[in-house]
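The data blocks that follow each hold one structure.
Two complexes come next, and they have one chain in common, chain A, joined by chain B in the first and chain C in the second.
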Partner chain A sequence: MLVVSNLHCYYGRIHALKGISLHVKSGEIVVLIGGNGAGKSTALKAISGIVQAASGTVTFNNNDITHISPDKIVMAGISHVPEGRRIFPRLTVEDNLLLGAFTRRDSSEIKKDMGKMKELFPVLANRSKQYAGTLSGGEQQMLAIARGLMSRPSLLLLDEPTMGLAPVIAQDIYRQVIYLNKEQGLAILIVEQNARIALGLAERGYIIETGRIMLEGNCRELKQSNEIKRAYLGKDYREVWE
Partner chain B sequence: MTYFDPVHETMPREELDVLRLERLQSTLNRAYLNVAHYRRAFDDVGILPEDIMSIDDLQSLPLTTREDIEANYPYDMFAVPLREVVRMHRPSAKSSKPVVTGYTRNDLINWARLVARYMVASGVTKDDVVQIAFRYGLLSGGLGMHAAAELIGASVIPTGVGNTAEQIMIMQDYLTTVLACTPRYALVLMDTVKQMHVNPRALRLKTGIMGGEPLSLELRKEIESGLGIEVFDNYGSSLVMGPGIAGECQVHEGLHVYEDYFIAEVIDPKSLKRLDPGEKGELVITTLTREAYPLIRYRTGDITSIMEDSCPCGRTHMRLSGFYGRVDNSFKVKGIMVNPSRIEQILSEQGVDTRFQVRVYMEGARELSEVLLEVKEGLFFDEMRAQETFIERIERAMYAGLGVRMKVKIVPGAVISGRGVVVDERP
Partner chain C sequence: MTAYILHVCIIMVLFSMLSLSLNIAVGMTGLVSLGHAAFFGIGAYASGLMMLCGLPFEVSLVLSGIVTSVFGIILAVPSLRVKDDYLAIVTLGFGIIAVIILMNMDITGGPDGLTGIPPASVFGVALTSKPVYFAFCSSILAIMVLTTSRLKASKVGRAWAAIRDNDTVAMFMGINIYYYKVLCIVISSFWAGIAGSLYAHYTGYINPMTFGMQTSIMILAMVVLGGIGSIPGSIIGASVLVLLPELLRGFEAHQGIFYGALLVTMMVLRPQGIMGKMKVTDIFARGS
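After this line comes the complex of A and B, so read on.
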């Protein structure tokens, strides 16, 4: 469904992505693992059109979306839940959700979907008139995901959805993510620093290091790999065999 | 049709190529970062891993030769630290210099799965009793087959090579249904079956999973009718991984290369240019998932050709038409690879610089080989004793250097003229 090939991106002067290729099939959860500055977030931003690709292609359902504006990409069915939540604190929970549907014109369906989101994340139902800024971190993350779902995507891009959250809450969030995938067939590409969580969640994964994909495989295999330990530990794990 | 891994074995071509490119790129990234030889080789031609943007671009990368591997012996071709390596094998030496290959845990898991693809394609199930008469030990044949047969859940009998009479007793008593061995060892078994007056039809054998040396049509027919089995061929290379790089399916028209794990090219061994499907040349392999020992455009020395048309079995992976010997005239005796240039080297170490010829032949079911040396000054002995001592010395050196016993004879030049360095008289 999503095929990224030979993608190069610059972040200012930094060559952030050096020709990465990856794919996500429909209904699949795929994880992109790497340390700080490896290029994970840039990869998501390049897919959703927030960052311009210097070269390479992104195709989605066989359409080239490499140089298409972010709103058109949302309409094509890709929704990006950015790192650090990025909800609008001065708007109510409900208004935040409505903003997620900014590309849609079918108001009665939007209303229905709002209801669905509140079922999916019951805490949001209780707080629908509250300012989003007053929510806890976990609740804000749920709101960010719900807002992402309001555009009715077929592919969800999640950037570090559990960063800074307590483990119990992180588990809660991932339970919903798995539900969305299993019950609704949503394809999900997750970026994670926490390799242990991510590998338990997804079927397939990629290890990214300084803008290059170092390893591809199913998660059972990746768990055993040295590169993973390196990325997981977040430092140079290379040693020699004297 | 049954497959061990239906998703990957029958993957639509377009999807398969996406996966292959991703795996190729990550392999190149790892090799470039972790193996000094590849970094140098890429830098020499001014190519970075990210310059390879399609499978076709692979052609711009340098080939990896046996000499490269030998020069980096033992561990400099490894792409992971030794503590990540859980197994090592040593392919048979093609020169005085040894080589070694290593496997991470994932490499071993993948290896077993690949051989299992071939076994399932050969009809092996968990109800089978699989007798593995490949060499165990430093060579990869025995353990490679073993792990896959266990993975499928078959009952595995690890007999190894040799003790042929006992093997046949086991075959009868344990109700062996699948025989795994080299084609030549199958001939030895057939012969022993005859000598022991065992009726091959009374055995439960139904399938032969074979590899390790070229399987000609005649050889296949002989084994199939002699043991009453269906033979499935597979291709392996000890350095690349072991058995399970390519394997036949029930259609018996070529061997499917497991293309999600390997890229196979066929090149002209002289011009080094890539050849078209159907043209015979040297097989070049690039690994796509190997962690401990990635190989990029490795020249296997084996001669084959590519078949690109689709196979009725439903597998989307391209096939190799079969194997037709070695680029360097190497041959196998008793499962051990012998290279004529190695023989030349041993002779020169012993101070012998005469023309020679290697003859491989059968005596009953026994494979024998001899080195014929052209008689000339300095190789002429008045005394019988002196000649015997000389021959003994050369034979000992051959055994030490090749790992296989070869008789040595001194003959007139006319005997060896015009027949090439290697004369293989085996069927």
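After this line comes the complex of A and C, so read on.
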């Protein structure tokens, strides 16, 4: 469905992505794990066209979308939920959701989807006229995901959806993510710093370090890898090496 | 006396149009402009020149709005690559350049300005009397208020609000932010041009100094005082700042002090303006 091959990106002179290749099959949850500044978010931004790729290609459903504008990419069916739950704070919850459906023209269907979002995330239902900035962190993240779903994507890019949230709320959010994947067949590419959660969630994973993919594979195998245990799962050194 | 009151009322209406047109850019879309009076001037000169060339008022009124929009595009296309404080500086430069050009071109009459601009007349009926002209300008303001509030509630308005709140995230939503920013400048400068035309045919005489930085900052003060992003606020802000110097005429020498004190007090006690919901710092000087 999504195939990224040998993607290079620069921020000015900084070489942020040094030839990333990854793919997401339809109906799959794939996770991208890495530390700060590894290039996880940049990879997502390059897919959704916010950051221009210097070389390499991104194809989606066999169409080359490498140099296509972000609005066309949304229309093609990729929705990007940015990190840090960047909702529009001075707009109402309802307006935020409507903005998610900005590229669509079928207003009656949009209305139906608004109803669905309120079922999926009940906390949003009785707050539709409230300013989004007054929601709690967890509610804002749910709004950000709901807003991302309003464009009716076939692939959802989630950038650190649980950053700074209480574990209970993080669990709640991942429960919804799994539901979306299992029940609606939505393909999801998640960027996550918390390797333990991420590996438990996805089928396949990629480990990214300083702009390169260091490891990839089935999540069950990745969890067993000593390298990962040491660097991301915080296992005791002795347990790993002795 | 009535003539004087009507004169103040007409100026109030014209500045309401200016402040509302600037609010479309600043308050609804977050595009800060310190050169809005240049659009006012372009509209005034365009309309004056067209009528001096023999075009009827109805035509030159509409054309002056369109001509001003074209200048808006000329400004917007290169300058919208920057935003926030940087955009403010670019527009400041634009305002200064516009005045210098008006001051030095032969066709605009240089520093002497344009004289003998014919008064407005619609379908053969002259709008020379003040009450009639006041009614005419008010009805155009009413049209402007109506279309702007429709626009604000529409998909376009929502895109503008998204850009104002966070233009990167607006891109994530699939909004072509460049297109909507240019559209905003086009509409904003169109109305400023219309106000310029109405002003030129009202006074019959225009000169470049009317359209300088002083006026730009005055219009911005009206927006901030009335309320950033608020349509009634734009009109209230303009009315207060036009009326105030008139009411303070008795204190000639101390006028500026009162005027300044009002703005300072306002910003301290009610930073969101009379009708607004956003603070100045939500638009200006925000870190991105």
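Just so we're on the same page, the second predicted complex is superposed on the first by the 227 of 242 C-alpha atoms of A that agree within 3 Å, B and C clash if a C-alpha of one lies under 4 Å from a C-alpha of the other, contacts with A are read in each partner's own complex, and residues count from 1 in each chain.
Everything that follows uses one rule, which is that a residue touches a chain if its C-beta (ideal position, glycine included) is under 8 Å from a C-beta of that chain, and two chains touch if they have at least 3 such contacts.
This one's a predicted model, so the numbers in the text were calculated from it and none came from an experiment.
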| item | value |
| --- | --- |
| Touched partner set for A:86, first chain B, second chain C, both or neither | second |
| Touched partner set for A:110, first chain B, second chain C, both or neither | neither |
| Chain B versus chain C as contact partner of A:21, first or second or both or neither | first |
| Which of chain B and chain C A:75 touches, first, second, both or neither | second |
| Touched partner set for A:100, first chain B, second chain C, both or neither | second |
| First, second, both or neither for A:6, with chain B first and chain C second | first |
| Contacts of A:50 with chain B and chain C, given as first, second, both or neither | second |
| In the complex, chain C residues that touch chain A | 155, 158-159, 161-162, 164-166, 168-176, 277-278, 282 |
| Touch list for chain A against partner chain B, complex | 3, 5-6, 8, 18-23, 25, 206-207, 209, 212-217, 221, 224-227, 238-241 |
| Chain A to chain C touching residues, read off their complex | 48, 50, 69-71, 73-75, 80-82, 86-91, 95, 98-100, 102-103, 147, 151 |
| Chain A partner contacts - residues on chain B that touch it in the complex | 15, 18-19, 21-23, 25-26, 29-30, 33-34, 49-51, 53, 75, 80-84, 104-106, 109-110, 289, 291 |
